Structures are given as C-alpha cells and as structure tokens.
Amino acid sequence: MIPLLILSPLILLAAIGAVWMARPVHAALMLALTLALVAVLYLALGAEFIGLVQFAVYVGAVAVLIVFSLLITRPGDEAEEIERRPRSLVTGLLCTLPVMAVLAYTAASGSNIKLIPWQPKLSIAELGEVLFTSHAPAVLALAVLLTAVLIGAALFAREPDKTQDDSSEK
Amino acid sequence: MKTGKPTRWVLPGLGLFQGLAVTGKNMVQSFYKKERMTTVQYPEERAPISPNFRNFPFLVYDKDPKAGLRCTACSICEKECPPQCIYIVLDRDENGKSLKRPKVFDIDLSVCMNCGICSEVCPFDSIYMDGEYELSTDDRFGGLLFGLDRLSKSAEYHMKLRPEQASEVMARRKADEEKKAAAAAAKLAKAKADAEAKKAEAEAKAAEGKGEDA
Amino acid sequence: MTPLAMMLTLSSVLFALGLLAVLTRRNAILVLVGIELMLNAANLNFIAFWAFDSPGAHNAAEPVLSGPMFVMFSIAIAAAEAAVGLAIILMVFRHTRSTDLNKLDSLHG
Amino acid sequence: MNLFAAISTEPALWSPEWLPRLPQRLVEMLLGFLGAPEWLVSIAGFLVAAGTVVGVFLGGFALLSLIERKTLARIQNRIGPNRAGWFGILQPVADGIKMLTKEDIVPAKAEKFLHLLAPILIVVPAILALGVIPYGREWTPVSLELGLLFFFAVGSLTELSVFIAGWASGSKFPMLGAMRAISQMVSYELPLIISALGVVMVSGTLSLPLIVEQQGGFHLGFIPAWNLFTPWGFFAGILFFICSIAEANRCPFDLPEGESEIVAGHMTEYSGFKYALFFMGEYLGLFAISALGITLFLGGWQAPLPGLGFLPSWIWFFGKLAIVIFMFLWIRGTYPRVRIDQLMRFAWLCMIPMALLTLPAAGIWTILNRDGHGFLAWAITVPLLLIPCVIVTVIFNRRLASANRTYRFAE
C-alpha cells in the first residue's frame, strides 16, 4: 500500500509529462521514466520477474527505439506545437474525459468485490513450467509473430534500392 | 573481391592470433630486451641530436664576448630574413662614426622560422644555426625575444656543435688573417724599404752636399 | 479506498492520458508513445488483480499465474508493435520527409 | 518481499573467507551493541556492504587506469607513466586531481539538466550491476533470485543514458557518437543475452550464486567443471566475450568514441568531473561485464584446480577478473578499429546466428548427459557448433567483410 501511495502520483506526473512535453525527445524520455516507475511498482507488488522484464524491454528497448527514431526523423519545431496545443487539448479532453469517467466508475464500483488477500509470490520456475506446457501454443504463436516482425521490420526499414528509387536519397 | 593475385587459402581467423602473438611478444620482451625500448627518459637522458639539426641562429665571437663579436652590423641578414625577425642597431661613437659592431641585435623566436638564410648570407662568418631545442618559456614576450647577451656564443661552442663547419670557417679565417698579415707585413716591408731608400737617398744627398761644401 | 481500487483508478487515468496523447499529438512517433502508455495501463490491471486477489482461491483448477502470464505476452507483443510501428513511420518519413500526421493526406505515395 | 532471498550461514567472523564482509559485520555488531533498532542495523549493514563493493571497484578503477596505460606502453615497447610516484603508482591520483580542478564547461546549446543527468545515469547502472555478482563463497553483496535478469535490466539503462549524453550536449559529434553507440549496443546486447541464456537453460536458475555453485567440482579429477569446458559453453563464452568487448565500447569496437573520427563521441562536450564520471562508468561497466562472464562461464569463485581450496574464494574470483581484463587490454593493443558497417554486419550475420545455435546445443548436451550418454553428447554438439562456425567465418571472410566501401566524393 505504501509503495503504491508513493509511486502512483509519480507515475501520473511522469505520464502527464509524456503527454504534455512540447519537445518530442523530452516526451519520449518522460515515457521512459513512466515505464521505469511502473516497473518499480511491479517490483513492489511482488512481481519481480515482470518488473525486471518490463524494465529491460520497455526502458532498454522500446524507449531507446523511440528516441532513436526521433533522432532520425528530425521532428518539426515545437513553437507551432505549443501554439496549437490549447485547442487540441479541448477536443482531446472532450473525447478522453468520458472514457476516463467510465473506467474510473467501473474501478470504484468494483471495490465491493470480495477479495481474498494473499502474499503475492511469483516463482519463475513455476512460470516457466506453465509457459511451456499449458501456454505452449501461445508461445509458439508469439514466436511466429516475433519472427514475422523481425523480418517485416528489417524489410520496412531497409534502405530502398538505389537503382530504382534515387529521389528518396538525401 | 578480385585482386588479381591468386589467394592462398588460410584458416579464417588465423590472423587474429598471429596479431596477438606479435603484441604479446612485444610486451614480454620489453621487460628484458633493452634494445627493444625505443623511448628515452627525456630530462635525465637525451637522444643524440643529428649534426644536421639546425634550430635557431646564434652569433659567434672570438675570445671576448663584446669586442670579439664577428658581427659588423652590416644588416644583410636583417634584410634577407624572410619573416623579418632580426632587428639590428649599429653602434656609433660620440662623433657619429660607425664602430662596425651592433649596439642592439634582437631575434624574435616567436617569428623566426629557422630557415637558416641569415647564416647563408652572412659575409663575416658571424651568424650560424644553433642546435638548441629547449627554448620554451612561460614569458611569452620577453622570454621569446633573444638579445645580444643570449645570442652571442663563443667560437669554441661553434666548434663543439658543428666541428666540420667551424673548422672550415676557422681555417678560412686563419688563412684570410695570414694573408692580411702577410700583406700588412709586405706593406710594412715595402714602407720600410721605401723609408730606407729615402733615407739612403737623403744620406747620399747630404754626403754630396757636404762634399760640395768641403 | 482499497489498494485494488487505487490501482484500477491509476490505470484508468494512465489509459486516459495515453488516449489524450494519441488524440492530440501530431507527430506519429509521439502517437506511439500514447499507445505504449495505454498498453501499460492495461498491464497494470492484470498485475493488480493478480496481486490483490489470491489467484486460485476462487477456483482451484484455474492457473495461478494468468495475470503475470498475460502481462508477459503483452510486453512481448508491445515490443513487436513498437518495432513494426517505428519501421512503418520511418518508411513514411522516407517518402514524405515528415512524420506529421496532418501532412499525410495524400493518397499518392 | 522475496527480492532478497538471502543465502546466509553464520560463519567464523575472522576467517579469510569472510574478510570482505568484515566491515559490514563490524558495523552491525557495533550498532547492535549500542542498542540501535533492527531496521537501522540492517540498513547500515547494507550501506556498508555496498560501500565495500564500490570501494573495491573504485580502487580497481584507479589501478586499472594505470595498468591499462602501462600494458599498452609495454605492447608498444614504451615504459608508460613512471613519473608520479614509484613506477607511476600515483598517476591515478594525479589524473584525479587534474580532472577535479578542470573547468566544467556546459555548452550554450546544451540542455542543462539532462547534460548533468547523463554522467550520473552512466555510473549508476554499472554500480547496481556490480551489486549482484557473487565474489566469493560468502560474499554476494545482494543475492537476488533473479540476479542475471537484474543485471541485464539495469545494464539496458546505459543505452538511454548514452543517448541523453549525446542529445543533451546539443552538438554534432556527441549526437553522431550517441547514434553509433546505441545501434552498436542494441545489436550486441542480443547475442550477449542469448549466449548467457544457454547457461540459464542448463543450470535452471537465474540466481548468480547458484549458477556458480553448479560449476563446482572437477571432471576426470583435474578439469574444472566450468561451463567454458563444454562445447556449447566454449562457443557461448567466446561469443559473450566478443559481445562484452562491444558492450564495454573497447577497441576494436570503440567506434562510439573513436577519437580519430568523431572526437570522443557522446563525451565530446564533457569536461572535468563529468568526464571523469563517464570514464568511471565505462571502467565499472567493464568490470561488471567481465565479472558476469566469469560467473557464467569461468566458474566464478571456484578454484581452477583441486586442492587449491585453502585460499579464500574471492582471491580466485579477482584473479580470474585480472586475467579477463588483461585479455581486454591485450586485444586493445593488437587490433585496429573496425568500420561501422563491418561491425553491424558482424553482429547480425555472425554473432546472432551462432548465439542462437548454442541454445539447442546446450539443450542436447544437458539431456544426453542426464541420460548418461556423455560421448554422444560430445559427438553431436561439437559438429553442431563447429561446422556452422566455420561456414559463417569463411563466408564472412570471403564475401561480407570485404564488401567494398562506396565513396561518394572521393576519386
């Protein structure tokens, strides 16, 4: 409960930063901070394995990928973004607030469910066993998906053939 | 890969280990093979400088640092110097007559480019290139301006620094001096002979006069 | 407020923030940032239900680890999604020299 | 919280095995004697234990910065630093004073806060990663059940901090250096993790002390039962070593800070103490990754020969660490820097396929050995690994490494 009380406002602040920062790189770094804090929350809740995986995958790979593509694509100037923001915020909030209200109402109304508290413990040996027995089809599907993604991403990001498409070269 | 040369098949990756062997040998042998070490511990020991190493001009004097200076302040080097780093003032006596020696002779180290033209053009064998290389200083104005006191070095120094050049110069100078001395002696002898002849003539005249008188 | 309700509220706000980013941002990469936030909000829910309610106590046959298991798959898929998404954005950038979504209004590639 | 699954046995206080943990024990005993509350005692104990590790490795960092220069000098037939103190032993102190008294320059276009944050973020993961390594039988600063995963999770933070350093400097060379560094680190982290996975498969645990313990004992009475002396472990160990060279940004993979190309990479705009922090982070990272390699493949603190167990186990660990670090120095003194396209091609076309092959090899090895077919295990795994290795090397040598560079402006 105490780590939750400490971490939730931090997570929300970092997430607001990720949504609101005008400079794209700042926003991406705030996203990395948010994800790292969520990983810490997982650790505090007893799901160490998930927390460390979250840290390795999100902070180490996804956030780095995002900042790297920001470097490559040279995003436009933020002055226009700041000037445009109040208007887009109004429309954005108009769409977002109902969603949040519904979600929060559901969350609050769920608080009368009977819970059986326990000491959460994640054993990786057990996790591994379940993963490769009852969840084996899912793992196989995921493996196929990841292979496809690897090939697809490599094909997408490959430099276009110079002989047929010279205009896109810098 | 078409290099034209027939490529001999070697085990891929063999070069990696050969490289390691070379550097490993270097490292091990550096501990006991003195001749491997290429560096010298500079301030304590110095590598011998080549006799062809020329760095900065100096002025030669014979015997006395002031009076023996070979320089006559002719300013040829000052005019020839490409970066114009030499500054010479001729010394004069109270009557404004040239004393044929420099009152000021400055070379600016920060400007000098060590070309050696000054020593080539000097007709008096006075300026030569030095082998000195520890000229750095923390005083960037005064420390880099070399006056007469720091520029003049003895003929013995020159002899030690560049024996070949110096002995050649010395021999030439000696020959010149001897020739000069011989000429002076000849002149003297001639003058003496002339005087004697005159004297003899006068004596003869006197004797004649006496004889006439008698 | 119970811890579970708190976690659920946190995740709902996080989801809303992600949605806001998706709706308001113009840069395609930053839209992806919003999507990552939404995915994380969902993951938080799984972990919350797993941590605060004894799994397997209600039904002995139910696997004890479904919460973390879901999150693991979700993280793997999110990583794949980010990789493909960014590859597509780079591809688009190469064609149009821009990642501004509002400028991608031409059907002619 | 079972994060700190402590392996604790109460030993004799003064035995050499316990020497590294003596400060921690003394502080705990002193506080207990003074009647401090239990949480304070445990926190102080943790702090002192962390301080011991950090102190040991900061001393190692200072020593290594001297030894590296000395070794490189010997390889190049020079003497190396020998002015400050006896044989230059005070050179690290002189370097430290110089670094500390230098002017701290922040470029005008830099992001001030991030510029300050990056060097800190470089050092922190290295120190955290050093915390989970088992240095001796009784000396594991933090014994985590998920030690290996923790190591990699924390290590992945380095990429982000390198990016921050490059981007926050607001200048060209740091940016280029950071882009190079990130692409190199991401590419080499994959084979690094995959080659470590074989060990996890065989030992069935992510806890580093347990992995070391499983490498105890000897084959035939004198060959240590380290993972390196199995076919899959040999290949995985070599792959791990190559990847750790790249991860630690050491020559010949030091492109991110190749001084003849892009000044100093992401560190270009740093000076004074911040630069020293980068330096420190790099060396601590080198220590950490070498220590992990030793733990996974070289038997950690296990003695190399039977009958040598009378020496405290941490001496073996640091002896192995010294040898591995010397290999890094030797390689740095030998090989020239590779080109960026060669580097990436090598990672994706050689390292990753080979690393993936070690996984089935490790599985076959374990299953066959469990069933008692030791000879069959050798007969299957050695060709399984050796033949693809030769094929990959020959192909790489012939076709890929010599891919001609296209010059756009020259000629």
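We just call them A, B, C and D in the order they show up, numbering each chain from 1.
To be clear about the criterion, a contact is a pair of C-beta atoms (placed from the backbone, for glycine too) under 8 Å apart; a residue touches a chain by one contact, two chains touch by 3 or more.
This is a predicted model, so every value here is computed, not measured.
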Top-ranked pair of chains - ranking by C-beta pairs in contact: A-C
Centroid distance [mean C-alpha coordinates] between chain C and chain A, Å: 5
Centroid spacing, where centroids are CA-atom means, of chain C and chain D in whole angstrom: 33
Between chain D and chain A, distance of the C-alpha-averaged centres to the nearest whole Å: 29
Between chain B and chain A, distance of the C-alpha-averaged centres to the nearest whole Å: 79
Residues within chain A bordering two or more other chains: 46, 49, 53, 61
Multi-partner residues of chain C (at least 2 other chains): none
Set of chain D residues in contact with two or more other chains: none
Chain contact topology (line, ring, star, complete or other): line
All pairs of touching chains, each written as two labels joined by a dash: A-C, A-D, B-D
For the chain D and chain A complex, residues of the former touching the latter: 1-3, 114, 145-146, 149-150, 152-157, 159-160, 163-164, 167, 175, 178-179, 182-183, 186, 189, 204, 206
Contact set on chain C toward chain A in their complex: 1-21, 23-27, 29-30, 32-34, 36-37, 40, 43-44, 47-48, 50-54, 57-58, 63-65, 68-69, 71-73, 75-80, 82-84, 86-91, 93-95, 98-100
Parts of chain B lying in touch with chain D, wherever the complex brings them together: 1, 12-13, 16, 19-20, 22-24, 26-27, 30-31, 36-39, 41
Chain A to chain D touching residues, read off their complex: 25, 29, 32, 43, 46, 48-49, 52-53, 55-56, 59-61, 63-64, 67-68, 71, 121, 124-125
Of all residues in chain D, those that touch chain B in their complex: 71, 74-79, 330-331, 333-335, 390, 393-394, 396-398, 402
